[in-house]
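The next block holds one structure in the form of structure tokens; read it before the comments.
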Amino acid sequence: MSPMLITVINANTSDEMTQAIASGATAVAPPGTEVRVVCPPMGPASVESSYDEALSVPGLLASIASGEREGSDGYVIACFSDPGLDAARELAGGPVVGIAEAAMHTASFLGRGFSVVTTLARTCGRAWDLAERYGMRRFCRGVHACGIPPLALDTDPAAVQTVLDSCRSALETDGSDAIVLGCAGMSEWSDKLTAELGVPVVDGVRAAVLTVQSLVTMQLRTSARTDYAAPPPKPYTGLLRPFTLPS
Amino acid sequence: MSPMLITVINANTSDEMTQAIASGATAVAPPGTEVRVVCPPMGPASVESSYDEALSVPGLLASIASGEREGSDGYVIACFSDPGLDAARELAGGPVVGIAEAAMHTASFLGRGFSVVTTLARTCGRAWDLAERYGMRRFCRGVHACGIPPLALDTDPAAVQTVLDSCRSALETDGSDAIVLGCAGMSEWSDKLTAELGVPVVDGVRAAVLTVQSLVTMQLRTSARTDYAAPPPKPYTGLLRPFTLPS
Amino acid sequence: MSPMLITVINANTSDEMTQAIASGATAVAPPGTEVRVVCPPMGPASVESSYDEALSVPGLLASIASGEREGSDGYVIACFSDPGLDAARELAGGPVVGIAEAAMHTASFLGRGFSVVTTLARTCGRAWDLAERYGMRRFCRGVHACGIPPLALDTDPAAVQTVLDSCRSALETDGSDAIVLGCAGMSEWSDKLTAELGVPVVDGVRAAVLTVQSLVTMQLRTSARTDYAAPPPKPYTGLLRPFTLPS
Amino acid sequence: MSPMLITVINANTSDEMTQAIASGATAVAPPGTEVRVVCPPMGPASVESSYDEALSVPGLLASIASGEREGSDGYVIACFSDPGLDAARELAGGPVVGIAEAAMHTASFLGRGFSVVTTLARTCGRAWDLAERYGMRRFCRGVHACGIPPLALDTDPAAVQTVLDSCRSALETDGSDAIVLGCAGMSEWSDKLTAELGVPVVDGVRAAVLTVQSLVTMQLRTSARTDYAAPPPKPYTGLLRPFTLPS
Amino acid sequence: MSPMLITVINANTSDEMTQAIASGATAVAPPGTEVRVVCPPMGPASVESSYDEALSVPGLLASIASGEREGSDGYVIACFSDPGLDAARELAGGPVVGIAEAAMHTASFLGRGFSVVTTLARTCGRAWDLAERYGMRRFCRGVHACGIPPLALDTDPAAVQTVLDSCRSALETDGSDAIVLGCAGMSEWSDKLTAELGVPVVDGVRAAVLTVQSLVTMQLRTSARTDYAAPPPKPYTGLLRPFTLPS
Amino acid sequence: MSPMLITVINANTSDEMTQAIASGATAVAPPGTEVRVVCPPMGPASVESSYDEALSVPGLLASIASGEREGSDGYVIACFSDPGLDAARELAGGPVVGIAEAAMHTASFLGRGFSVVTTLARTCGRAWDLAERYGMRRFCRGVHACGIPPLALDTDPAAVQTVLDSCRSALETDGSDAIVLGCAGMSEWSDKLTAELGVPVVDGVRAAVLTVQSLVTMQLRTSARTDYAAPPPKPYTGLLRPFTLPS
């Protein structure tokens, strides 16, 4: 049997972020599964706004199209705003899971309520939107910004301590049981934070890779019965070739 | 005083659809308001999937960027999936309203419940998502597909009768008070349908133009206090120039 | 074409409040629209309780009955508890909009969340009820009382500063994007408050007048298909004549 | 100890309806409790619309004011739209319970879901509103109109059979466990319907009388801590004397 | 007519708690009603966890089985986590009401919002679950632990003051109108607390006894139409005899 | 490294059901993971009511206590009513997942809505309760009973066809994208049903085993911060020894 191939897509074009994602993704991949972490061919340097998020989607879909040609069994969208998830599900043959989606579901197995600790304050609204979309609003007790931009997580030596402080404060304020890390760039710190905080700290990258692994193991793929069927082919004017749907 | 300028953006690249939108938009514009209906420089021929919707957003944002240079006072996103609404609000100086958003709010003033009549079955889920997002789920009693693709609304001579039949059936099934037209391409028919059905039929294009007109009259614009502040500038790799944010 | 006539009904019998309402209502009326602000023939001096609200409704309905005889095209109920809205919709031929209703919908176009700043603490519950009724609970992040009774808004020279302070505090506490003014008597201050606060401040009187203006422009009126059909005629014992429905 | 006095207020001016209410109310009153069923001094002949409901409230509040002078320990509002409930709670010293409120709560103790069987189709929306207000929406699986106007319940010999048929159909359609009777005028039939249907049939008049009985027994009265405090005294122009609050 | 028999079941095996429950239950029973307060033959010494709650259910069901043999007309489950309520409804011929259920419903008649004051912090989640189950989430503004274990309520002389302080703080924090006592062991204090606090304080034991009294008076019993029908008979391995259903 | 041990607990005492569960559970266990499927020492022959469910919990908790002594890393509760889940989480050191919980979450990754196909009609209410508890109500479009008792799934040769027919009908009625199998006894049929129906069919046994596998891989365990902390030790009267907590 050929090994399972899971493609993990960073939604921005930062190599450092791609490395951080790879560290979490490969940490949990079992023998027999290849995890391929990719950076899309176009898009924003980081996702800090709805504008950035919207402009990350074409590149992300191009990466899915590439993955399809390479025989990928499933996909992880490795940005906590889960950009383009519906479109990706239409495009991909195998399952697609976002890291916010996977992290929130995972946290719901571990306690009555979780707190999300994210980067900039302006991303909090999106996290609440996603909690509602996934049915996780009843478990999500708070979304807290640590104030560090995504790309500075990697370069600011004080970042991990700031995130740790935000987690402590979030647990206290929300009376919650667990932490959900609100940025793929925090993936490397989940073990350290769990150890320091004494509560489960969920990294969406790990959680999403394992969710896709489980779905593929059960031979479950996105239903094509209604809205997630393959998109009807048509001309796309003025867009680069990778977005042309395979006929 | 200079006239008010409202830019109405068709999210696909079809000229026929742009014409249909223009007919509704100009029908309600008061003297002293210029309504400019534009077709984006890139994007899908029609929006029939989440994939199409995602790929319509870059062109739509380019049209907003153009509108900002031209001094537009406000914007209408004239596609019933309201693509890119959050991103557009970050980018634009004036208010931005989607036609699904405006139509649903408008219908809520006219009765206890409305039915949406849309094009293809695969777009129904998105309409429900939007009803929830806007708080209109309690008023939205059903979303019904008439089975006609968006571009065929204009070319199929039987389309208006099919939509009328779908409206009748929706009113009966849902016990609702009003109809919301679920595609910008149906804009031309709202008066005819109101007359035939004897209930209010809401065209989102008209509703959105008047909503923007009202917001500008009240000098109200999108709040920049939290998530809708202007996006932080940054490099966007591999994307066409129009997406580069004005510095 | 005859000009559009919009009747704006103050729900209490205070002339000063009627003046304040008129200032907001006429500020936004376009050329070709006559806005008539009326004070009902009977009712409470101010609306500060559910008891007052209940007793304001007969007079308010009498004003609608008068408006119908005068050919009014639509109505605004200019009291933030939107008293008698359902009954008014049954009675009137044209659309009827409440100022809480219009203000909350309007604020939902401008940000992710708004705060209501109202008069007495005992009216907060009613504001929450209305937010829920209109589907705006997801946008309404807080209802804050400034502690000033409605009629004192006009006579207390410190009132505007107190309201401004309440708005500042509400924005901070709720993390919201916009303010909804919770009393018709605050209508005169919306521009001043917007300027001071740097966020959109929505006056329901202006918003409701423009909403009715838009509905009439689109030739949309309350659906008579189900609950809002004209009430069945019958005897009303012991009540003044204006309330007897014309047969 | 003086006997407990419970005042049950019919919201319309029909003597036949008052009789029907009295039959249910007195059937459950224990020894030591006097139940006084009253007809208000003014109001509509029947409540069939929001307009009727609004115009029933002044008379109903007058009856509460009379009850207060007579030392009533608690009140039942005996109309299934529970008109004026908030205002009545502000005015009365003792507890006030509506029959829709009591019936829905009661039905929630008896099964997972109930169906409401009411009179005219146009009252269904109001029943849904109340279900939501009382938190009973999760138990209320359907509201069904039998098509008989309230006053005809008493005069139409076929009415009881029509209501029985509506109950049967409602149970089947909704898969529900119990019936809530949606009009005070159906009060006489609850035992007969329970016997025929083999499921609990809840009469709001009985349920509300017993709820008030229980609250008074526990010496519990409406909280005056926030919104339900006595209304601030003030002039009421053009209204009959009973509505002026005692200072 | 034989007197009504209501069986009140303490869910733990503490005699002191059974006494406390009896004091509240008998305080409200009318002449002609016998209230029998029982302690189950097996179970935990107190209910302080979901584990305790689960292990209290077999004994509680055994008490219901005994009650059925003794001709009990209805049952109260006198533990604020309402353990085994669904199972008890299947087993009993007459109505079954939990004290959390009865207290929350009762409080909803008395104001816009209530606060629950309970024992240990770890029971707060369960109280929220129940508020949701009963549709009372919209009325429940907060659940507050006073930090005293259930059995210490009876033995710690400072307990009543601690509970009083918790009530005061809860009213302030939540802006609520009433208090719901979150443990059967607080039953004795409801009058004293009402007097001190000036707001309604609801004791679930009293409320549940009166609710059952009312249901039996109306001859209403749990519907056997769907899920609450008697359980299908079958072998129960390794469990004590009382739990075997009578064939 | 020692292999991972996952204990899967059948909630009834049927050996056939235990075999059916084992077939699904072992089908997805990766190399290096031992799956131990156990039948509790006491309890009902099948779970067909809330009464059965309540009486299955002591045996199930005994199995958890045994698992703890044997070093189990995590647990699956293999009954679609997820009995005793909260209590089990307090008792176990590692994660505990119910099959309804895992199946519903899994189905939410695969489409916009799923239908549950379960055994007897009387279990449908419980399935709805769980969908709400897990936040999956927005994805759960219908719960459908096939009418076959749990133990007959194994013995009735026509059962699989009946379930298949129920699935087809559920997909059509609900317009859903996926099927959730509503009984552990259907575990063997998931591949066959997926093949026949052309939509994802989710078996909770497989989904729960893989969810526990993933949680243990990520070293995540139930948070002990609030409600799920170990239960306070105390005497349990009249219950078998296994339920006494280890001190």
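A, B, C, D, E and F label the chains in the order they appear, each numbered from 1.
We adopt the following convention: a residue touches a chain if its C-beta (ideal position, glycine included) is under 8 Å from a C-beta of that chain, and two chains touch if they have at least 3 such contacts.
All values reported here derive from a predicted model rather than from experimental measurement.
> Any idea if chain D and chain E meet via the same residues, over half in common, or different ones?
Here the answer is same, because the shared fraction of interface numbers exceeds one half.
> Which chain lies the greatest distance away from chain C when centres are computed from Cα atoms alone?
In terms of C-alpha centroids, the chain at the greatest distance from chain C is F.
> If you average the CA atoms of chain C and of chain F, how many Å lie between those two points?
Each chain's C-alpha centroid was found; their separation is 53 Å.
> Determine the centre-to-centre distance between chain C and chain D, using the mean Cα coordinates as centres, and give it in whole Å.
One centre to the other, that is 29 Å.
> Could you grab the centroid distance between chain A and chain C? Build each centroid from C-alpha atoms only and quote it in angstrom.
The computed centroid separation for chain A versus chain C comes out at 45 Å.
> Going through chain C residue by residue, note those that touch at least 2 other chains and give them in order.
112, 125, 226-227
> Residues of chain A touching chain F in their complex?
28, 30-31, 95, 97, 101, 105-106, 108-112, 134-139, 171, 175-178, 190-191, 194, 198-200, 202-203, 206-207, 210-211, 213-215, 217-223, 225-228
> For the complex, give me every residue of chain B touching chain A.
13, 41-46, 48-55, 57-59, 61, 84, 86-87, 89-91, 121-126, 129, 132-133, 149, 226-227, 229, 231-232, 234-240, 243, 245
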